[in-house]
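In this document, chain identifiers A, B and C correspond to the written order of the chains, with residue numbering beginning at 1 in each.
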Amino acid sequence: MKYRDEYYDPAVARRLADRLGATVTRPWTVMEVCGGQTHTLVRQGIDQLLPDEIELVHGPGCPVCVTPLSVIDHAIEIAGRSDTTLCSYGDMLRVPGSNDDLLRVRAAGGDVRVVYSPLDAVQVARDTPDREVVFFAVGFETTAPANAMAVRVAAAEGLTNFSVLVAQVLVPPAMVAILTSPGNRVQGFLGPGHVCTVMGWTEYEPITDGFGVPIVVCGFEPIDLLEGLVMLVDQLQQGRSEIENQYVRSARREGNATARAVVAEVFEPCDRAWRGIGVLPGSGLRLRLPYRSLDAAERFPRRGAETAEPEVCIAGRVLLGRARPDQCPAFGTDCTPERPLGAPMVSSEGACAAYHAAGRVQVGDPAVRP
Amino acid sequence: MCLAVPGEVVAIDRHAALLSGTVDFGGTRRGVCLAYVPEVVVGDHVVVHVGFALSIVDEAEAARTWALLEELVAVDRELRLDGEREAP
Amino acid sequence: MSSFACPAPLSPGARVLLGHGSGGTLSADLVRELFLPRFASAELNRLTDAAVVELEGVRVAFTTDAFVVQPTFFPGADIGVLAVNGTVNDLAMMGARPSFLSAAFVLEEGLGLDALVSVVDSMAATADRAGVRLVTGDTKVVERGAADGLYIVTSGIGVVPDGIELGPEHIDVGHAVVVSGPVGSHGVAVMSRRAGIEFDVDVESDSMSLVPLVDSLLEVANVHCLRDATRGGLATVLCELADASGCAIDIDEPRVPVLEPVRSACATLGLDPLYVANEGVFVAVLDASDVAAALEALRAHAGGSAAALLGEVGAGTGVHLRTALGVSRPLRLLSGEQLPRIC
């Protein structure tokens, strides 16, 4: 695959890792924002190539990990209705709700379908006019344009049986939450390359200026991540705090205006709860008034009671970079990929799952409390 | 987040309600919505996420990256010659 | 394996999940905790592809399989082709000469007879090509809504020639690990036709009888264990072999053969080819000194042209994968099905 395979070149990767080792003279703590970046770092073993001075903290850029428990429970409730089909991206099926997950709902007879594109969910609605079709619209700014288009198309066609359960989140408020979190140690970021492909990076400039942290907009393949780290560490070593772009083949400062326009037509910013973290003001998207009739949360109001996360789960602290997964008392024992207690253990980009896959064992500090 | 892969646009349907086309991902072909890259032409490479093209790959920039990468790792050789710390 | 006097308790109200059929840890748990203790059988506990039992002094390999693939027809094969080759291959993995098959059909009310004829014709042709005979069968019909159209349950028998002893208990440190062909093709072919994820790809299912490959291999190499990589993919087989043998298996990821279109299809959906299903690939653990001869023998066949040395059996436990970047990391079983991801 052109523009992908060449970014796995082992010789170039090695040389970039060497270059990192030659540059770094003191410890630095950096965060890669995106779950997809976490996935590559762990899957390819890049984290093991880094010099000891560089501590990588895995960021919260994983919609699976941050979608609030109440929304998962709502999706599960909707999927359990006999007259309803729930369409979802594959990532969400294994995320634990309070008592269940979408896979178990499917096993119990719920009509839960994996789709690749949100337009596939719209097609399901066209194909089954007698059933309600709900699309579980999760994602960051990268996915918002696709989710928005599906809503727009369904509305334009007057598909009265289509609705969306929205759980869209935005990156910049999360970065600010991390940087303002007491005891934050993150000194620089590998920025989200595909989010910036859509949004550009103007909204990150106040963050670099305000907090004095460098951000390197970065891609997702091994060479991208290593080059991004070299650029980031160069900045840190030189005392600079700028936004640089490693992902030049796709991300530009102005982003994709066409995509942003459709998102702005369908969605508007709102406060949103992040699982384990709490409400971050202005950190989510919701349907604008003209599209509110397609809001599944209103069409199928939640009936169940609110439940709390297992107390032992420290996902919130992990997502903010304030605790490491292997510091959790339940890591690898009560909480495993087969029986996850929290969302970051579920998906392959969650920090806890990443640590588990890398073979780490629990070094839990009993003093670490949720 | 954001699994998005690059592919080559091999066909464009300008008559569909939504601009769409076929993208070839190194041997796998799928219908992709091109509404967000309206200036795209056949032969362009696009970055695709959940069936939507979000950007057209800047081939010149991509080539430039490789030139820069060479430069970047050449610095490593200079550092070594200067007797700086060796990589772990 | 020790015998179980007291089966492990199961959570009340628990249900079977699709993941229990994926070949990962859920599947393994189901077998170990629910089935093995209740049947209390030494042969069953070995968990090999086929059981080798003795009948009047003759060693016979005996296997059973169920085929539930959806959709019924996909590029390169159909459920009937899978049913014959899958059963034949389980026998071949024990070094047996597959001779006879049985087939029970569970048909959904309303299934088109055209489709059924097509599947049965496939089976007959595949059985012919594989040199086996279907000697007994059964048919049941279930109500509309059950059985996804058509399920096929098979069994197969064949004699294991004297002197052939294959199984994970024969795996030892220093042995070489070889794969017979490119991985992930079958799973990608099936997925390309699955509703909600359809895509166009020049990939066909790799379903085929592995008997000719196995025969050639056994002639030139001292082979200790064979296992075919079906659901759960190559990674699952390697984990099973490491677990059953109590040894470590260390492999180099760049050596794993994967067809380009399979690689790109997996990249598009966010899937790892190491865990994607196969129907015509096996792993062989053999003497390191026989690797060259083994690869030459396998590559002489069309289905073995991509055969490759993956790595070796080492001291320690578990499977370790050396990535393209030269870093070694553990390779584990997935818990359930691998799902396409957006992240």
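We take it that a contact is a pair of C-beta atoms (placed from the backbone, for glycine too) under 8 Å apart; a residue touches a chain by one contact, two chains touch by 3 or more.
Bear in mind that the values here come from a model prediction, so they are computed numbers and not experimental data.
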- [ ] When you average C-alpha coordinates per chain, which one falls nearest the overall C-alpha average? Tell me, please.
- [x] A
Open item on the list: Per the definition at the top, count C-beta pairs in contact and tell me whether A-C or A-B has more.
Closed with: A-B
Open item on the list: From the mean C-alpha coordinate of subunit A to that of subunit C, what's the distance rounded to whole Å?
Closed with: 34
- [ ] Using mean C-alpha positions as chain centres, tell me how far subunit A is from subunit B in Å, no decimals.
- [x] 21
Open item on the list: Using the touch definition from the top, which residues of subunit C touch two or more other chains?
Closed with: 263-264, 267, 270, 341-343
Task: Shared-contact residues (touching 2 or more other chains) in subunit A - done: 1, 4, 35-36, 62-63, 89, 116, 120, 139, 143, 349
- [ ] Pull out every residue in subunit B that's touching 2 or more other chains.
- [x] 1-3, 5, 7, 25-26, 49-50
TODO: Can you check the complex and tell me which residues of subunit B touch subunit A?
DONE: 1-8, 17-18, 25-26, 33, 35-38, 45, 47, 49-52, 54-55, 57-59, 61-62, 64-66, 69, 72-73, 75-76, 79-80, 84-88
Task: In the complex, subunit A residues that touch subunit B - done: 1-6, 12, 15-23, 25, 34-36, 51-52, 61-63, 89, 116-120, 139-140, 142-143, 145-146, 149, 153, 192-195, 197-198, 220, 223, 227, 230, 248-252, 256, 258-259, 262, 349
Open item on the list: Considering only the defined contacts, which subunit C positions touch subunit A in the complex?
Closed with: 15-19, 25-26, 29, 195-197, 254, 263-264, 267, 269-270, 272, 323-330, 332, 334-336, 339-343
TODO: Mind listing the subunit B positions that touch subunit C in their complex?
DONE: 1-3, 5, 7, 22, 25-30, 48-50
TODO: Going by the contact rule at the top, pick out the subunit C residues touching subunit B in the complex.
DONE: 198-203, 260-261, 263-265, 267-268, 270, 341-343
